[in-house]
Amino acid sequence: MSAGSSLKLALAAEGGSPEAARPGRTRARRPWGAMIAGAVFLIIVLGTVLAPLIAPYEPNQQNLRDMLEPPSGTHWFGTDVLGYDIFTRVLHGGGPPLLVGVSAVLVAMIIGVIAGIAAGSRGGWLDNLLGRIADIQMSIPGLILALLVLVLFGTNLQNVIIVIAIESWPLHFRVVRSHVQSVSQHTYVEASRLAGMGWRRTMIRHIAPSALPLLAVTGTVNFAGAVLTEASLSYLGMGVQPPTADWGVMISDGQTQLGAAWWISVFPGSALLALLLSTQVIGDYLADRFSVASD
Amino acid sequence: MVLQHPAPPATAAPPTPSPLTRRDVLRTTLRSPVTLRFVVTRVLAGIVAVWGAVSIVFLMIMATGNPAQVMASEEATQEEIDRIARLYGFDRPIFVQYLLFLRNLVTGEFPNSLYTDEPAFSVVLARVPATLLLSVTGVALGSVVGLLVGYWCATSRFRLARVVPMKLLMVLQSTPSFLLGLLLILFFAVTWKLLPTSGMGSWKNLVMPAVTLAAYVAPAVARLFRSTIREMEVEEHVATATAKGLRPRTVRRRHIAVNALGPVIALIGMQVGGILGGAVITEQVFAWPGVGQLLVNAVNTRDFPVALAGVILICVGFVVASLVVDLVVAIINPRSRA
Amino acid sequence: MEPLLQISGLEIDIPTRRGTVHAVRGLDLDIARGEIVGLVGESGSGKSMTAMAVVGLLPPAARITAGTISLGGRSIIDARHQDLQQVRRHDVGVVFQAPMKALNPRMMVGTQLREALLRAERPNLRAAMVRSLELLDAVGINRPMERLRQYPHELSGGLAQRVVIALALARHPRLLIADEPTTALDVSVQAQILDLLDHLRSTLDLAVLLVSHDLDVIRDRADRVNVINLGRIVERGPTLDVIDRPQHEYTQSLVAAMPSLARRRDLALVGLHRPSGAAAADGAGAGGTGDAPVADLDDGRPVDTPVDQDLVPIAEAIDVHKAFALPGGRLPWRPAHRRTAVEGVSVSIRPGESLGIVGESGSGKTTLARMLVGLAEPDSGEIRFDGRPVTALDREARTTWRRDVQFVFQDSTSALDPRRTVADSIGEPMLAAGVPATERHRRVVELLGEVGLAEHFGERRPRQLSGGQRQRVGIARALALDPRLIVADEPVSALDVSVQATVLNLLNRLRRRRNVAYAIISHDLGVISYLCTTVVVMYQGKVVDAGPVEQVLTEPSHDYTRMLLAAVPGARGRVAVPEVI
Amino acid sequence: GGDSGSTGTSGSSASSSSGSTGTADRDTVNIAIDPLLTLDPGVARGASTDLTIMSQIYSSLTRFNADSELVGDLATDWEQTSPTEWTFTLVEGATFVDGAPLDANTVVWNMERMLDESNALPGATGIDKIESVTAPDATTVVITTSSPFVDLPRRLSWIYFLDPTWAEANNPATAANPSGVYDLVSWSTDGVVELVRNENYYGEPAPIQYANYRVYANAATKLAALQAGELDAVATVAPIDVPQLESSGNITVIPVVSSGHHIIRFNLDHEATADVRVRQAINYAIDKQAITESLYQGLVEPLSTQLMGPGFSGYDEDRESWPYDPERARELLADAGYGNGLALEMAVPEVSNFVSASEASQIIAAQLSEVGITLKTQTIPGNIWAEYQRTKDTAPDMIYQGFGSSSISSTELLNFVQSAGIYTWGQVPAALDQAVIALQDAPDEATQLELIAEVTEILYDKALAVYLWPRPQVNAVANGLNWPGRADTYIRAYEMSWTA
């Protein structure tokens, strides 16, 4: 399924007014969910960064005598068909998803936000042009595009990042554009214009801040989509190349063994799940935090 | 100060309404959500999108490799490859090929599949029912579940009931679809033998792929719906509706939930568009012969007529989906009408 | 007689991050059948909270900590959901304060009305429509058929307010709670609405809780009046007794601050004299009203220096037209009809001049003002600044134009960025003009003081202000750059009379001292006569009457103007109110 | 074109539908197959996909039986009547299912269609030495070639015949008028291909009446379907999955010795791999035994140093496999000037036939790193990989490749090993080129054998390839299905039967 198209969920800002006050039914609770999620996220990031130090084995150390060992004291998460230690590789395997997720989202957001602001505030031909480009982008099935780009330019992490960023900028573009448009109709933006603010400063002062909650959501949705797309590409043999440890590759490596040596897929799968779940909880929390109702 | 055109006040029209005709009743109850301009600009934008997507895919397919090379048998010599290339015109500059392709597109002489010599569109159209069946079922299931859970989580009075279903859905969303699909197969088909593992046939074959797609649609729908409902709840018109004496349930449904549907519909529309061509992995895992797989194979074998016909159909599907979405959003949010 | 509504000892607290706001503290109030009871008081004094408490629609954060509310003998406070709903359905109609936001933006007016009707009254679509048309007609809406199929955002402020009133009356309630029901209405429509209430009161025994800051309205319509201050009733009694012979210090200052057509120009408005110790009662800086005592009161003499007719006007509109597309025809491809909002209007404002713009709701006043300041472009005609067409201004002249002409928005709430502090908003024009930070800060404090707000308000955000306070922030922002012309759209509509006096005095003083010119839109002829030298009367997009304020207001040349004058509250009984126009 | 009836995405409900357990229905066999491309014999490629279907619905002059012996199909007999002429005698009374005759004229028409350059049929590759095909009478076909063509009968084993009159009116790519052991019910490139026994077949009838080929793009699903009883036969499962399948109890696993080989081919145009010492070092550095024993569960043995397997002419039983000697590898590398390390790239296909190739190449990479070579492997989809190995400027240093000949012909097999060939060997030794070209025109078998031995020796001497192991061919079938399996990749339903 198109993890790629999950990027396309235009959380369409139309309609939802970001400055609507939230009901005060929950008042100043401690955000336990977000705190736990933050801790999980931190553990994953730290685990990945410190993997060379804390992993019990080398990630690419094969042991053909210890193939398909179930989880045990020596191999906490068992071993796979090459005798790789799954625990070690789960620690290392977060690298590509995190790298792809963070960089692709950054690139996509930069493109999407700039284009969205330009289109939403300038309107006219620029809006039309950017809008059509985004349409074109969105109507090319994501995996097809990935297939073509990766064949054309080679299968490496950098190209995977570029492909995912290209695929996901319309998400931010659409959300930011319609947000800018709807906020621009607000009288306080007119007031700012009358006060003599240039459009760029008006943008920074009045529109950008109110877009933060939306971007917190689109950013995390995009992150989840990017990570899943990375895994899907690995699954289709177009992502990270073995023997580099990568959760997506590990999951698909173990797929035929799911009924027997389940640990090959299930542990990296759980790690992926924990990462995505925690970022989404954090995203929801940030969206609440940035919204005007929170002060 | 200057003053011009002083006019007498118009004599007020008699306010008493004349007897209402059926037409009056209809006129005041129904109102077209869009103008012609809106529809025309949308259709034009759709055509541009299709053209752009097709051009990009065409140029990229041609740039990624000579189709003749893939068409030739494994044992073919270079001369044979060149001969195939000449026959199909693959030896010409890529831009010339592009212009020829565009001309053929406009004149309706769309090239046939390189392998089966069938009209490319009929190759793709043969798959459309399968794809529609799967994506519509999946998206419908996902949307319904997502809407129900979103509504439930936004309105339930119990904290656990608000949190637990949402978190469960988010777990689903965070599982790669191939893992989810395989786990479903493992349990429901292999272990419990309740459903067939794969392929197309009876409704039983549809269950697992549709659930896999739905698992991807539902969480996003639920989250968005929940948060828009929460934002809508505090709008002042809700107080008006309550003050009218409407039942709380009516208020929640008609004045909160329906108003909050706009962005959700937009989201669902996007997903239909994305899934039409993007359900490749689900199709692969469940051996479902849909457009997505066909397209990936066509790209891999450089069967560019089929690949392009697929892209065109998916684009059209996407454009139609977003048109429908815009219409629905225009109904829900009259201010967005152009 | 057993009172229909009885409130006793009501206390409402709103906990916030910075402490609890005691919105209502021990309020007693009762209304009998068929009685109109006024509730007047300063902005932020707890009027809306009281009203909402009666229908159980307080904001989620608000808590009723003490007191009882009983309606027709039934207690509201601990009523079950179903009972409360029955009360809302059968007994009470509510008119909310913000009419534009009170309508569901997704539904046509007709649908919302139909929904409000009793089931028995809408056996079918047609019957529902007939009844809806009756209701719209009753609240004085022209072309009701057209309105039925419009969406709320296509209505002007006044129209929306009348639709909300129609909704409230749809179920024949026994009690109507009307929170500022006529703020957005011009006097003639206001009169019509109030007449309608009077009529319903006498024929159907409707009881009305009329919340208003307009003492004239109260004086004309209410049988009894309650004066509320800082969440407490400070004076109550038969209307005429209270208003003509106020006992309580606060009431006295309220009455003195009224800009009334009857008393126009003769005397300076008197600023609010606060009851001593009132500020302390608000609970240390925890919200509350917190107005600074008005220090610098004007001597109050309006300026009457004649305006030099040879001066080049600062701003000028020459034969401007503006039309909006109406909802399209039945079919999407039918061209949309257009409604003309402004039709061939010419006005000019010279230095030192103060132009009043009055007119029916929906007559194009706001549209004209927006064109004057460049927020909208005329379809035809020309807007000039210092004698030059604005379309021909170069970059520099444009900057000057922006600096010299400032605008006060009709809707002060949405004119402030909810994320920015008050000081930020007021300082924005100065920031744009490159005023250094320290100077800016000094000036913001100064401006806050001038509109009667204490310095600490600078740190608040719009949501933490009452309607009147927001309006004053908007005015302060317009004053920030010492403009030559201020175009103000209903600048004091949300202000209670005492604060209104402060602001009006400030504007007058500026005009006298710095020769600032004004274009003021107001439906309050008292305000116009107090502040303006000339006045234009708009009717259906055209100017129908114009001239020096004395002349137009005393010898109106046009029927509409005459009618307007006749409908001014406080003038009741002097002129018969004509039929609906 | 576009004949209806034969294409379709939906499985027909007439035959056993998925979900039924295979053992219950002894009239039907459900077989897994890779995605198909076409029904046109002239376009078809790949014995494991298109040709599998075609070999059952169409007739050819000759075919290889389950024991890899060349037997007659439409031809009952054939002989080389002169060095450049072959005469085939056909069965009498063969027809297509619609009743049209299948005789010598049909064969002539089909051969001419194949050879017509303007049709550019990829299937014509390998028989282009044919000069003319004539039909002196209805059961005799005479084929003349431009030069001696000893392998002709073998090569004709995958030339299938259409009905000329039917082909005029229909698109042979999407529909069929069969004449073979099975008739075609429905067809789809990635759905289901349904076959039913052709009752009018001139040869031995198929034991099982219905054969459904189900397309699977995903290995895990395929295995799950087998375990769930929806499939009766899966060719080529990964040896590593064998214990898991065997443990389920209702599946039999059948290892077969395949005729195809897995090798690693060097690109001689690249600097490092152009050095024979580097190539030899790599050969020494790979411990094939360790891999076959672990990853392949001992189901295959390392190859001896020749490209042909048993059954091919010129196969030499005495050749041994290349010894594992990392010490020697290090010496050779140091000798070649790569004592401090060497970085190379290898392309590995992601194709169902290449079971565990990705894993094997990771082990190889690890083994090479022991001697100082950093091997970067790229596992890529089969089609892209196929392009890589033909496109000279993008080809990597090494390519993981399968080597085989569906006509079990050493001539055909070794023809790939030349500088002018389409595979990116780069500039091979001139002697090799000469021998390979001479082999193509060898007038008799003796000359053939001589040349084959020469080629084999040069290949070994110059270490032009790493001889890994035979293509691991492990078939899994439902208990009760008899299927000996084949050395090549055809998956023919008519070679299967249910035990009573």
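Per-chain residue numbering starts at 1, and chain names A, B, C and D are given in the order in which the chains are listed.
What we mean here is this: a residue touches a chain if its C-beta (ideal position, glycine included) is under 8 Å from a C-beta of that chain, and two chains touch if they have at least 3 such contacts.
Labels paired with UniProt names: A, B = ABC transporter permease; C = ABC transporter ATP-binding protein.
In this text, all values refer to a predicted model and were calculated from it rather than measured experimentally.
The chains in contact with chain A as well as with chain C are B. The chain occupying the central position, as judged from C-alpha centroids, is B.
With each centre defined as the average position of its C-alpha atoms, the distance from chain B to chain C rounds to 46 Å.
Taking each chain's centre as the mean of its C-alpha atoms, chain A lies 21 Å from chain B.
As a whole-number value, the distance joining the C-alpha centres of chain A and chain D reads 43 Å. Inter-chain spacing, taken between the CA centroids of chain B and chain D, is 41 Å.
Across the assembly, chain D contributes residues 218, 220, 224, 227, 381, 384 that each touch 2 or more other chains. Touching of two or more other chains is recorded for residues 60 of chain C. For chain A, the set of residues that touch two or more other chains comprises 21, 23, 151, 236, 255, 258-259.
Listed by chain label, the pairs that touch are A-B, A-C, A-D, B-C, B-D.
Chain D meets chain B in the complex at residues 1-2, 7-11, 13, 17-19, 35, 37-40, 43, 45-46, 117-118, 120, 122-126, 171, 173-174, 188-192, 214-218, 220-221, 224-225, 227-228, 230, 381-384, 386-387, 390-391, 412, 415-416, 420-422.
Chain B contributes residues 65, 69-78, 80-81, 83-84, 87, 112-113, 115-119, 122, 126-127, 129-130, 182, 185-186, 189-190, 193, 195-202, 204-205, 284-287, 289, 293-294, 297, 300-302 to its touches with chain D in the complex.
Considering their complex, residues 19, 21, 23-25, 27-28, 186-188, 190-198, 201, 205-206, 209-210, 292, 295 of chain A touch chain C. Taken together, the chain B residues at the contact with chain A in this complex read 45-46, 48-50, 52-53, 56-57, 60-61, 63-65, 163, 167, 170-171, 173-179, 182-183, 186, 190-191, 212-213, 216, 220, 223-224, 227-228, 230-235, 259-260, 262-263, 266-267, 270-271, 273-282, 292, 295-296, 299-300, 307, 311, 314-315, 318-319, 329, 332-333, 336. Those residues of chain D whose C-beta lies close enough to touch chain A in the complex are 218-220, 223-224, 227, 238, 240-241, 243-244, 247, 290-291, 293-295, 350, 356, 358-359, 362-363, 365-366, 376-381, 384.
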